[in-house]
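Heads up, the next two complexes both have chain A, just with different partners, chain B and then chain C.
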Partner chain A sequence: MLVLLFILFGGLAIGCALAVVAQRNPLYSAISLVGVFISLACLYVMLAAPFIAAVQVIVYAGAIMVLVVFVIMLLNVEEEERGRRRLKFLVPMAVAMAAILIAEVAFILVTVQEFRVNPPAGVGLTHSIGTSLFTRYLLPFEITSILLLMAIVGAMTLARRGGLLSTSARVIPGVTTLPRSLVDPRATPDDLRPVEADSTDEAARLLGVTGLRDHSDRDE
Partner chain B sequence: MEPQLSWYLALSAVLFTIGVTGVIIKRNVIAMFMCIELMLNAVNLTFVAFASFFQDVVGQLFVFIVMTVAAAEAAVGLGIIIAIFRNRESLDVDDASILKL
Partner chain C sequence: MDTAIDIVLKFVAISVVFVVVLLVVAYTVLAERRVLGFIQGRLGPNRVGYGGILQPFADLLKFILKEDIVPDKSTRFIYFLAPVIATMAALMTMIVYPFGPDTRIPFTSITIPLVVARLDIGLLYVLGITSIGVYGIMLAGWSSNNKYSLMGGLRSSAQMISYELALGLSLIGAILLAGTLDLFQVVEQQSGWHGLRWLIIFQPLGFIIYMISAIAETNRVPFDLPEAETELVAGFHTEYSAMKFALFFLAEYINMFTVAMLATTLFLGGWNVPFLDSIFARGTFLFGLVSAIGFLVKVVLILFFYIWLRGTLPRFRFDQLMNFGWKILLPLALINIFITATLIFLRVPGFS
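What follows is the complex of A and B.
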């Protein structure tokens, strides 16, 4: 019975994994990847690890894949174009990978000894995992939380639009402060409206002055 | 007859190799990202299989930590993907071959 379940879920995992690689539309790949996660969760239940199975479904199939699908839909990803292969050595490399895989599986099946010690004794339950996580392995747990905090800050920094300055800020690169009355003698003293430019030269052109770059170089 | 330890290890090896192949042959950066997740899951299966057959809880703790790292990787990686897409208007990895936005 367990053998049949192993074949069912193992085959499902391998089939979905192949679909992840074979699909050209990333959204279909994502759905296939959810299938891999679900069948792996079933295998975890067979291995007497119900907590890991639940976390697999909640975190992987729930949180991470929802994030990936959000990004796919946000970016409006087009399908990969067929026949645009630029790397010629990919096919031999795939053959080499298949050879490595076959050697790996043969090695495992030949050398790994079969043993089954005693029936499951509550190793995978939430109680035993929580006990060891908060006593003996507390330091890795805390390091993991710091890692998550760093990931949150990093993702926010990366994903915000326009860098660290807001898009409404008026900045002239290379010049710290540049009141218009200082550089343009024709401007009225109360006209202190800043200009928006992407470079020092562009700012000089907008302000109608020359020698602005020399000015800023001397200041630095 | 019950599923043996070597069966789980072989399944994990197959999944890991499929993931590696995907990383090699895919050009879409999001698809490569998903293949990396597949490789992480293959390793997780190895951990859980060993934890179950050795009756040791440490393997499952490792799986827990690997999942956390995968979540952090997903957040930062997708942020990087969005930043690349804003600058390049493309998700092809060959278009982002220089580490400069």
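What follows is the complex of A and C.
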């Protein structure tokens, strides 16, 4: 019974993982990745680690992949053909990595004779994980939190660093006053000298900025 | 032999839960239409059967018999998959909610808890499956190849990600008090004081935050922006017709039902009926039956509250919705966790 379930979920995981790589459409790849995560969660449940399974589903399938799908939908990414040539140098790398992985699996299969593992009881349960996270592994846990905090602060600073005029911004006809930093990418963010113009093009010309309107007509 | 009985009992339990849930959901739809009718000074559907009692079945028949239209330029596979994901995710959470206490089946000596599965991670299971449900709506919006659907799907995913945080954090206070994620144990711990030691007494703020973010999670008024008909036609399910639309409809009402059950389980004492233990002995069949009915009554009251809100409140604007979620609910939920943890640390009576 357990073996059958293992074959089912393991096969699902491998199939979905292959689909992630093979699909042309990025959205299909993303959905296949969700399938991989859910199959892995099922495998965790079979390994008597329900807490890790739940976290796997909540964090990866439920949060991160939702954001990925969200971005794919928002940017309306089409099937990418051009990028394939640029990433060609990755092919030998991939072959090398696959060779290493297969070698590892072969090594384990050859050397390890006894596959039976007897984990201590309740190792994957909520209580035991909570206890060890907040006592024995408190420092690594805190360091991981700081890492995440750094990522958040980094994202904030990247998002708030003004400069480029957004493609959706328009100068409304009639004299409009804008802070220089909003339209001129080279201005310092606190440069508040105003620019007066009748249209976005005029503002760009006054500032000597070109290429601002390139994307603005491509409304989705 | 025991495992065989176990498996049969599980199947019976799943079937019973399934039928009860679908019946309650069907009649929630009817109740919503009738109650909204009365709020708006009209009658609502009252022709099919006595007082409209057969209306849900008439609706179902209509949905099945209608023509199923698939948009030409839709992404076929995902278009079909989306309502399936939505309904499946909604139905899968049913199994962890405790409907009643340990109960002896009449004429036998078998005692079973009135719950399909007792999981160590019950609450996390609910949160995980609920977060999968977002995909149904997102993929429906994307695969329909319709700009209104896409906008609805995007709005919905942004909204659900934002409010999921507040929802999860608002539950942590209750979990800190209960000390377990197993929903059955959470309810059992609330059976003190003759069945009145409900966690809402210790977690009023958590309960309010939960109720608000639960409405947002189920995409209902005043947070129904994913299907705001004045702006987006019908939002993510604009292109869905017949039974596929019915599945989305079903998923929405099942989700409503599950958030109401979670609120009852965590904050309103679950199946605990006040002073029932002085009438029937614990573990007897009648105790279990009345408890289960008590549970359903609480759930139905919360559902009524949601319908009442729908008849009362106008819709939010999208930026208001985001500001409210991130700048008010989320900090409040964090404060709630902080206060609860401090009180537990100081061993205030009731918080230990």
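Basically, the second predicted complex is superposed on the first by the 131 of 220 C-alpha atoms of A that agree within 3 Å, B and C clash if a C-alpha of one lies under 4 Å from a C-alpha of the other, contacts with A are read in each partner's own complex, and residues count from 1 in each chain.
Everything that follows uses one rule, which is that contacts are C-beta pairs under 8 Å (C-beta built on N, C-alpha and C of every residue); 3 or more make two chains touch, one makes a residue touch a chain.
Bear in mind that the values here come from a model prediction, so they are computed numbers and not experimental data.
Applying the stated clash criterion after superposition on chain A shows that chain B and chain C can sit side by side.
Once the two complexes are laid over each other on the shared chain, residue contacts for A:M73 go to chain C alone; chain B is not touched. Between chain B and chain C, B contacts the larger number of chain A residues.
In the superposition on chain A, A:F51 contacts both chain B and chain C. Judged by the touch definition given at the top, the superposed model places A:I31 against chain C, while chain B stays out of reach. When the two structures are aligned on the shared chain, A:G62 is found in touch with chain C, with no touch to chain B. Contacts of A:G10 after superposition: chain B is touched, whereas chain C is not reached.
Judged by the touch definition given at the top, the superposed model places A:I146 against neither chain B nor chain C. In the superposition on chain A, contact of A:T126 is made with chain C only, not with chain B.
Applying the stated contact rule after C-alpha superposition, one finds that A:L90 touches chain B and leaves chain C untouched. Across the superposed structures, the minimum distance from chain B to chain C, using CA atoms, reads 14 Å.
In the three-chain superposition model, chain A touches both chain B and chain C at residues 51, 55, 63, 67, 74. Within the complex formed with chain A, the residues of chain B that make contact are 1-11, 13-15, 17-22, 24-28, 30-31, 33-35, 37-38, 41, 44-45, 48-49, 51-58, 60-61, 63-65, 67-76, 78-83, 85-86, 91, 94. Against chain A, the residues of chain C that register as touching in their complex are 78, 119-121, 124-125, 127-132, 134-135, 138-139, 141-142, 150, 153-154, 157-158, 160-161, 164, 180-181. Residues of chain A that touch chain C in their complex: 27, 31, 34, 38, 41, 50-51, 53-55, 57-58, 61-63, 66-67, 69-70, 73-74, 125-126.
Those residues of chain A whose C-beta lies close enough to touch chain B in the complex are 2-3, 6, 10, 13-14, 17-18, 20-21, 26, 29-30, 33, 36-37, 40, 43-44, 46-49, 51-52, 55-56, 59-60, 63-64, 67-68, 71-72, 74-75, 77, 80, 84, 86, 90, 93-94, 97-98, 100-101, 104-105, 108-109, 112, 114-118, 120-121, 123-124, 128-129, 132-133, 137, 140-141, 144, 147-148, 150-152, 154-159, 161.
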